[in-house]
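By letter and in written order, the chains are A, B, C, D and E; residue numbering begins at 1 in each of them.
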Amino acid sequence: MDPATLIGLLLALGAVFGALFMGGLNPIGIFLADIPSIILVFGGTIGVTVASGTMPAAINAIKVFIKALTGGAVEDPSENVKLLVDFADVARREGLLALEPRLEEIDDPFFRKGMEMAVDGTDPEDLREQLEIDLDKTRARHKSGAAFFVTAAGFAPAMGMIGTVIGLVDMLGNLDDPSSLGPSMAVAFLTTLWGAFLANFLFAPISNKLKKMSVDELDAKEIVLEGIIAVQAGSNPRAIASMLASFLPPANREDLTEDKKSA
Amino acid sequence: MDPATLIGLLLALGAVFGALFMGGLNPIGIFLADIPSIILVFGGTIGVTVASGTMPAAINAIKVFIKALTGGAVEDPSENVKLLVDFADVARREGLLALEPRLEEIDDPFFRKGMEMAVDGTDPEDLREQLEIDLDKTRARHKSGAAFFVTAAGFAPAMGMIGTVIGLVDMLGNLDDPSSLGPSMAVAFLTTLWGAFLANFLFAPISNKLKKMSVDELDAKEIVLEGIIAVQAGSNPRAIASMLASFLPPANREDLTEDKKSA
Amino acid sequence: MDPATLIGLLLALGAVFGALFMGGLNPIGIFLADIPSIILVFGGTIGVTVASGTMPAAINAIKVFIKALTGGAVEDPSENVKLLVDFADVARREGLLALEPRLEEIDDPFFRKGMEMAVDGTDPEDLREQLEIDLDKTRARHKSGAAFFVTAAGFAPAMGMIGTVIGLVDMLGNLDDPSSLGPSMAVAFLTTLWGAFLANFLFAPISNKLKKMSVDELDAKEIVLEGIIAVQAGSNPRAIASMLASFLPPANREDLTEDKKSA
Amino acid sequence: MDPATLIGLLLALGAVFGALFMGGLNPIGIFLADIPSIILVFGGTIGVTVASGTMPAAINAIKVFIKALTGGAVEDPSENVKLLVDFADVARREGLLALEPRLEEIDDPFFRKGMEMAVDGTDPEDLREQLEIDLDKTRARHKSGAAFFVTAAGFAPAMGMIGTVIGLVDMLGNLDDPSSLGPSMAVAFLTTLWGAFLANFLFAPISNKLKKMSVDELDAKEIVLEGIIAVQAGSNPRAIASMLASFLPPANREDLTEDKKSA
Amino acid sequence: MDPATLIGLLLALGAVFGALFMGGLNPIGIFLADIPSIILVFGGTIGVTVASGTMPAAINAIKVFIKALTGGAVEDPSENVKLLVDFADVARREGLLALEPRLEEIDDPFFRKGMEMAVDGTDPEDLREQLEIDLDKTRARHKSGAAFFVTAAGFAPAMGMIGTVIGLVDMLGNLDDPSSLGPSMAVAFLTTLWGAFLANFLFAPISNKLKKMSVDELDAKEIVLEGIIAVQAGSNPRAIASMLASFLPPANREDLTEDKKSA
């Protein structure tokens, strides 16, 4: 659980609403001035976004939305690296089968499935191929999960613009009462405001976060994949530590090589 | 048949028209206020989109449009996986030829053609190459089918803008009667409205849906392809189930491995 | 020769001009109201587009433009497939050299050159490499041919905008005569109109059409390439027909396999 | 030296200035009406573009700019092809070493370096690898050289917009003298004009030209690379001519094969 | 340390502020006229950008920002080439182990780690794979570091636009006092100004600079990688110099080959 999305959205909303208060405006009075405008923009955006995909994709978007708000803290990859180096040590000394009782220590299903296959004696090439298919399909699922929000972020400003043009067309066709001109235009611009607001404070950050989470998760899985292959191949634990360290930022490497030298 | 596109478009239109009613406006009065505006935007968009391709592509767009509205429910890939595992079992016990009578169970032409070739003893490398060409060309056909709507979604707002500028040029050149200013501008903005409306409520959702359907269909075919190759190679049914499970979302895998364990 | 571009452009122009007539406007009066506006947009766009490339590329654009207007009907690939299957039959029965007198039946220079090389006994790997270089370079030439129109479609609206801003700057600097305000703005907006018009009714459809023609032509050549290689390798005509059928849409395949079965 | 960029820019400027004269405006009076506007847009654009890269890249941009204005005429690749075919002939009859005295005929440093290495007996794989590294790095250098102008073309309109918004903010804050409203807005729009003008008449054409020059130069080098490898391998001159002809447009091939037949 | 970013930003700010002074405006009075506008744009942009990623990514952005302002001067790659050629000489004459005492001369951790592995007798394929993983992950880390500023540059103008629309909605809803119209609009446009200003004078140049620094650093590392592999393989120093020279711009090559000839 990474708090960046919740904190960031609170900060952004705080900045907008705080600035309005400071400027003597009433944010709620402005944003909620016209309920039909909100219905038009929100309903229109959700509608055409649902129409852009399939029913399962639309339903999945709800799950994905909650994941994006609260998720993001991939467990530290160094932990997995240490476990893999430890496994390599056992495998070299006592054989791959000696790892069987230790598989329960693994929480990550991808890691556990891969180690199970390795211990079961799956052919190394098949093992790599299958884990890589898993990675590819996970990437495709993440992309498809983020697609709803990418699409919605593109449609929302267009819905706002459509609402504003409808408002202008109506207003320009009925100029009898000049005193209503201002308020009519204010209402017309409300849909532009909501379209930009939904896109920039909701859909775009959520889709960005989902992409970031996907990159982080796949990076972590890639390390695990290479580690499992190396453990099965019976590589030297020190060589595995050094190889997997190449995946980590330089700052996190020290730790691993320190451990290795004292080992 | 997946209802997302029809439901989504109804929801979006409902939101726009409902919001207008709530705001005391007459949606039909606004949208249909000026028939020439609609002709300009719709005719202009369709015209330059047809000009952007070939005649067969333009005719194909009609078929593709109906497919996008109603299609999208790819049969559950798990069914195909189960069938493939079943075939693998038969092939191992009784040989590939024993599968011949069972080919009629297959509905999907790609699956059936591939299995027929496998049973006919096609060289495994030729088999894979030919099925992969089929996938590549299917992908290219899908892309080319969606291209009409991608192009139209790009042209529609430009047509709306051209109509509005023509309206403004005409209006500004004839400012004699100030009372006609408002209605003239209202008519001018109607083309902007129709351009944005056609792009966002018709062409863009349709092209998005077509892309999504293509990804789903090709994912399903990829599983079938790998399964056919494995069945022909005489792989262990359990190994095939495990390999093909890597293509499915984790949630759908349980089912398969359960089956396998009890088998 | 495919009529889509000519028909599409006529349809689009018809829609715009028809709509203007219906609305009581004089399209010619509006579009040709100010000749300098047209010179500015058209001359400016052509100028910076020429400056964006080399002289031979600019001269080539004229040839390519005519090709885009009238071209597009790639001969039915099924014909080539049938010819290749026929050649395979001859080659298997009487040897590759027996094909020499039949090479004159081939119209397409790429097909003929490839078959000549195959009959001349060119090494299969060299043959494939050379035909693939030919495809790659053809693709690059097509891309470079379309580039003029892609670039022009991007510059035209910018030229229109520059003309309008110049008009506004001039008008705002000379507000002495309020009655000239409207007509001055009308003239200023004419360049915006022409910029959008040239981009959307000329440059963009032409560049789109060129890209579509390139894809179709390269698809057709790819089939020929694979067929020539297979003929030279002495493959079974039925296997060639089946392999090449994978390149065609399912609807066009029937035909080929029918032929094969009766053969 | 290819005149397209100079001719194109003159044509474009001529169209704009000519159109203004025809419309009774004074182009110089408009463009140079406010020197601070020009300083803001030009200085701002150059500043943030320099800030977007490193000092050597900024200095390099000046050299590259002059190259873009005057360059573009890659020597006819057919000449190199003829020389390579000639070399192949000599190499086959008298050995690679017999080419040593002829290396001075080569002007292009890439061609000469490659031939020197071939004559020196460099291992064919090393030779190809090294020449391909050279091509890749040349492509990267070209891209990095064009980057300055791509970046500047993106920033210039934004600078123009910033200048205009500053002008509007200032004007709206001081509405005491209505008669100054028009001229103030005129000045404000001048920065928009300059931003669009610099982007479309200077930075974008230059960056486009640089990309085109890079493609042409790399195409020419690719032919030389393949030719050198073939000469070193002692291939048949006719086969080399035919292979290299695949890189040229069909129109330029005749010439080569004619030569070959009479030889 | 490369001064381009600091110099460029000072030049750009100098151009804007200087132009305002020349035009008789007070830049500080304009930019700082309304503090809530600045809070809205800056806070909103930072907030949604933080929400687009994870907490560690947000914290990392501060470090990366300072690096972008002052960094960029990658040590001259020719120095590394000379050192590698020197190492190759030693390795050929005295063996790889003779390089051990010289490893301390290397400052760059990537270079040193690679040479250490080479000297330790790491398998050449493993060595290349590990160094390439290091390069790939460095590229990914750079991309992820620049992502914060790319994202912020995209959000800032949208925040400005949202602020302006809020201002317009408020103003149009309260038209009672016409004299406040101008100043209200001035304040509304201030957020547009700040959004464009932050994007173009801060976030975009920083993200561009980070991308440029990444390309330069990876180019330098690629040379080192190929050099280390060649040194370990015991290649001829002259051949290494020539191979690595292919990575450098022609101007920097002379130097290396001169050295070689006199050696």
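Everything below uses one rule, namely that a contact is a pair of C-beta atoms (placed from the backbone, for glycine too) under 8 Å apart; a residue touches a chain by one contact, two chains touch by 3 or more.
It should be emphasised that the depicted structure is a prediction, and the values quoted were computed from it without experimental measurement.
The chains that touch subunit C as well as subunit E are D.
Computed centre separation for the pair subunit A/subunit B is 25 angstrom, with centres defined by C-alpha atoms. Averaged C-alpha coordinates give centres for subunit A and subunit D that are 40 Å from one another. Counting partner chains per residue, subunit A shows two or more touched chains at no residue at all. Viewed as a contact network, the protein chains form a single closed ring in which every chain touches exactly two others. Residues 34-37, 39-40, 42-58, 109, 117, 126, 129-131, 133-134, 137, 140-141, 144, 147, 151, 155, 158-159, 161-163, 165-166, 168-170, 172-175, 187 of subunit A are the ones touching subunit B in the complex. Residue ranges on subunit E touching subunit D, taken from their complex, read 2-16, 18-20, 22-23, 25, 30, 33, 72-73, 181-183, 185-186, 189-190, 192-193, 196-197, 199-201, 204-205, 208-209, 212-213, 215-216, 219, 239, 242-243, 246-250.
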